[in-house]
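Should a chain be cited, it is by its letter among A, B, C, D and E, assigned in written order, with residues numbered from 1 in that chain.
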Amino acid sequence: MAFLEIKNYRKNFGENEVLKGISFGLEKGQVLAVIGSSGGGKTTLLRCLNFLEIPDAGELYLNGEKLFDAAELGKKAVKDIRKKRLHFGLVFQSFNLFPQYTVFQNITLAQNLLDKENFKNQKKELRASLKECGPDERKEKKEEQKRVLQEIRSTQKARAEEKANSLLDRVGLTEKRNAYPYELSGGQQQRVAIARALALNPDILCFDEPTSALDPELTGEVLKVIKGLKSSDSTMIVVTHEMEFARNVADLVIFMADGVIEEMGTPAEVFDFPKSDKTRAFLQKSLEQTL
Amino acid sequence: MFIEIIGELALGFLTTLELFALTLVFALPLGLLVAFCTMSRFYPLRMLFKLIVWVVRGTPLMLQLLIIFYGPGLLGLPAFSNRFLAAVIAFVINYACYFSEIYRGGIQSISKGQYEAGQVLGMTRSQIFMRVVLLQVIRRVLAPMSNEVMTLVKDTSLANTISVIEIIRVATTISSTYAVNIIFPILYAGVFYLAFIGILTLLFGWLEKKLNYFRV
Amino acid sequence: VTMSGCSKELIGFDIELAKAVADKLGVGVSFVEINWDTKEAELDNRSIDAAWNGFTYTKARDEGYFDEDRNQQIGGLDFTGMYMENKQVAVVKKENAEKFGTLEGLKSAKSMVAEAGSAGFTTIQDVFEKEPVPAKKQLDIFTEVSSGASDVGVIDAVMAGYYITSETGAYHESLSVVEIEGVEKEFYAVGCREKSNLPAVFNHVLAGLWADGTIRKIGEKYGLQDVLVNGFGEYDENYQFPTDGDYAAVLKAKKFVVGYTVFAPMAYKG
Amino acid sequence: MFIEIIGELALGFLTTLELFALTLVFALPLGLLVAFCTMSRFYPLRMLFKLIVWVVRGTPLMLQLLIIFYGPGLLGLPAFSNRFLAAVIAFVINYACYFSEIYRGGIQSISKGQYEAGQVLGMTRSQIFMRVVLLQVIRRVLAPMSNEVMTLVKDTSLANTISVIEIIRVATTISSTYAVNIIFPILYAGVFYLAFIGILTLLFGWLEKKLNYFRV
Amino acid sequence: MAFLEIKNYRKNFGENEVLKGISFGLEKGQVLAVIGSSGGGKTTLLRCLNFLEIPDAGELYLNGEKLFDAAELGKKAVKDIRKKRLHFGLVFQSFNLFPQYTVFQNITLAQNLLDKENFKNQKKELRASLKECGPDERKEKKEEQKRVLQEIRSTQKARAEEKANSLLDRVGLTEKRNAYPYELSGGQQQRVAIARALALNPDILCFDEPTSALDPELTGEVLKVIKGLKSSDSTMIVVTHEMEFARNVADLVIFMADGVIEEMGTPAEVFDFPKSDKTRAFLQKSLEQTL
């Protein structure tokens, strides 16, 4: 079984069947490019992976663990969703940065909230352990705990800061650390969005047409960053209209049309020897547009 | 005489200010709650609150004051012993409804993407609201809110309908009690209002500047 | 004690009389300035226990009216005995005193103002057959007349006596009082809720205060000794205080609440 | 009895409507004039009108009513003989100032390019205003204007401050003549307001749809 | 003297001297392309030609007639401005169509207003002539005048309509006759703006970067229309950043920098053998951007 295994994903919006049984597997460190014409269900697939939409049917295995099974979908499945989401990162077409936070704050916000949650739990546990001690012992132990907790918190903070700095470096925005999103170009904003998604160490990072809201000039810098991620062994799923990019970077290409996988294979297979007519027509058309 | 009149007016204006402050303190959060109710996914709740907001916004505050103060007693319920309290309640309800519409506009203007970005980052609903959305909403509602707050300052004068002795009531009583300079207490009252409105204008200007550090 | 924004103390004949009654009953009294045209609602609402402010007794106010649709009596208040004589007089600007000096002259006035729902209001309707301008408070009539908004105001003689006739009155210089021919005498009483037992209790106490001269003494203080009347009857030493109703509520609250408007010399700040 | 009360209230509401209609008829054009004055290139005129607008918007309408009706007489000038007229004047001044701010916002939101396109095509200033700008301004101010007009409906109740016999005054008078509680006539009065507000809402909705044929 | 002759135009905005003495001549039927870097004063020059700004100094001769002389600028000069403007048409960068009118109405509005003005004047004249007749004659003459006036008006209308139709045809928008501006693409809107400017038969038509607000795909159609105008012998001044276009279409090219004409000549002269260093640097930079 592959690192990520999707089995028979289905999703309807009312009458409209948008995903009609999608199955594929992706190995760790691989890059999957999803191409396809408008309305084919690419965005919906990514949203289902990130549980922004809940599939109507299908199963999802990650690293051998069953993460989602529509058949079992009860209260519990929905409850754990927040944790499960953390396995995936998503970079939106329209960036969706938080405008009131600086670049640095955008990157650290989520980690910070998680850290605080952990810290609170640890504190609670430690405090609970106090109950078993006698009154003399307790005071002493409390002092000690205080020291321990302070240390935990400062370690957390240092680690988050370090992480953020290294990410900023990676996307080439160290200088924009304290800028607000509105002060950045579209390409810079998208790079911050990538760093923000990476900050939680997702197992799989998803991109939904990360350059389609950008001027051609700014597209290059974002694609460069994504290429860089590949060389550092990130597992990625990229929905894109940039055929050149898909061909050069992807290990696996999926062509989606009308909610089904019309064609799947290596870039060479899909781009150079497409089996289905639909794929051929789509590739032809996108070639014409570029010229 | 002049000093005396100003003193009495100032005392009356104190009541005005109290009413103003209490209305804000309660109506600002209550308005948010009402906004959530009018956006609830639960149809009956949503409809109920939309109706309430429509009725409250569709009738004069003067009328609401009369109904709230004299209504319960007439219906056999324990009556208000404190007319100032009744005024505060009427103002809070009225303004919560007005504020709710402003909040609703502000909340609905925040793009879905902001919520989804929060979800994808594993935040809880309340974290998303408090950490991501709220400040943006505040930023967006500041201008209409400031208009509404200015209106509140002037609306406080309606409280004299149920005999709360605010500054205009004091001014008219003074001017009919003393035959001299009969119009002046009313003019002075205007100065009190203008001064207060001026202060509030500065305050909102400052707040707006504070929140201008980011763009939505 | 009062809701008033004024720094000065509330005084006046009615105020002191109410205080004297409270003393005798061993309870407190608080005063609330109200809009006179909402006094019935205030009473119904129990936000006041008595409308005690030169309140003119009329049969209609006592009995209410008979609603034929619903076949029942509607409205109406219960009154104590009457304690002061009054009549309605006209007030006009001093320079108009000649012009409006007679009944004919008054009838030629373009607009007449009286407090909404007051005795003066009915007087204008009955005597002059005119639609009066309804003022919110009796005191507002001075503003109406001195600003020229209305030619003639109709108010209580008692009040006119204080503000106009008296040489220290605020409107002594600017306004004049004109007697209205054919207007009848009327009397003040204290108004309470319908079916309240407070009027009876007040009557008992007031009879005592009449007998021991307290009422006269207060009247003299405000120059009203000549218009006082005793409508309370003889003091009954064996009077049995009721143990239920409004009176029980008053005892429980340790006070009763009096509604007034600013109306010298009955209730004002000095 | 019920019929009688409703009849009296309806008569009172007629006054309310009259006041409403007259205010609109005069304040709508006057507001435009005031807007032009506050945008005038002539500094003293602009400042004067900005001050007037600020004072009028910064003080309660109730106070303005008192000053306009009692003011002249108390200062020894000829007094108003007609309180309804005084109310109309006070309302017109007050609302012209509010409307002027709305117009100003609308006019300033029209891009300079529209004027210049007209100039280059050899149009006169008045042609540009009437043929090019005006409809766009109307379109843009419709929403805030509709809010303000709804507020006017409810504000008419303030006229009873100077004893204009509008519907709320009728309701209170009914209660004191019959010595009945004020609450029922008041509730009925609320229904009148709601019905009228409802009609206006429909009307503005229709107008908005009419003007929606183009986009600015 | 050339058809259009500008002499020593100067314009200051406060301290900022934007036009520092511009002089050039343009023959009838010629196309002048104005190029130059941002802030060089190109827009200001066009606005001065259209009297949207009044030059501080300089003279303008059109067809031998002195249209403007800053030295003579009194009340009268300003008063005639509206008429003088009609010699020039201006197509704005941001189209500035009237949103509440259809394409047809946009094109006919100005002509319509002028027609009405003429009509009123004619009517007044005719009516004045009535005064001299006796009462019998008058009635008869009035009837006749009525007929004449009706005829004038309907001729006016027919002519305007015909003109508009031919213009619509020329810019290829006959089908969009009754559309509102918001229903059109940017390129279509710009073509309507061109038709609107042409409707008044200006002697000289000015364009201020007519394609800079358009997507590259839509640019072509607008440039094609302008090319078409050249072949119909319109005299035009085009401020543009499209060097290819300037080279192919213009008869005369002016390179403006910092408020002066740095270089002027035929396209071949300016583009292939630029004399000034500034021109060379500018051309070099714009060549780089295109690649």
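The criterion applied here is as follows: a contact is a pair of C-beta atoms (placed from the backbone, for glycine too) under 8 Å apart; a residue touches a chain by one contact, two chains touch by 3 or more.
Quantities reported herein were computed from a predicted structural model and do not represent experimental measurements.
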Practice problem: Could you name all chains that are in contact with chain C and with chain E at the same time? | Solution: D
Self-check item: Between chain A and chain E, the fewest steps along chains that touch one another
Solution: 3
Quiz prompt | Shortest contact path, chain B to chain E, counted in steps | solution = 2
Quiz prompt | Farthest chain (mean CA position) relative to chain E | solution = C
Quiz item: Where are there more C-beta contacts: B-C or D-E?
Solution: B-C
Exercise. With chain centres taken as the means of their Cα atoms, state the distance from chain B to chain D in Å.
Key: 22
Exercise. Calculate how many whole Å lie between the centre of chain A and the centre of chain D, each centre taken as the average of the chain's C-alpha atoms.
Key: 55
Quiz item: Which whole number of Å gives the spacing of the CA centres of chain A and chain C?
Solution: 80
Exercise. Please report how many Å separate the Cα centroid of chain A from that of chain B, as a whole number.
Key: 44
Quiz item: Of all the residues in chain E, which ones touch at least 2 other chains?
Solution: none
Self-check item: Residue numbers of chain D (touch at least two other chains)
Solution: 70-71, 74, 172, 181-183
Quiz prompt | Where chain C touches two or more other chains, by residue | solution = 38, 41, 44, 143, 146-147
Quiz item: When you check every pair of chains, which ones turn out to touch?
Solution: A-B, B-C, B-D, C-D, D-E
Exercise. Enumerate the contact residues on chain D facing chain C in the complex.
Key: 1-2, 69-74, 78-81, 83, 162-163, 165, 169, 172-173, 175-183
Quiz item: chain D touches which residues of chain C in the complex?
Solution: 37-41, 44, 60-61, 64-65, 67-70, 74-77, 110-111, 113, 116-117, 133-136, 143, 146-149
Quiz item: Which part of chain B faces chain A closely enough to touch in the complex?
Solution: 111, 113-114, 116-117, 119-124, 127, 131-132, 135-136, 139, 213-216
Self-check item: Interfacial residue positions of chain D with respect to chain B in the complex
Solution: 55, 57-63, 66-67, 70-71, 74-75, 150, 154-155, 157-158, 168, 172, 181-183, 186-187, 189-190, 193-194, 197-198
Exercise. Under the touch definition given earlier, write down the residues of chain E that touch chain D in their complex.
Key: 50, 52, 82-83, 85-86, 88-90, 92, 94, 96-100, 109-110, 113-114, 180-182, 196-197, 200
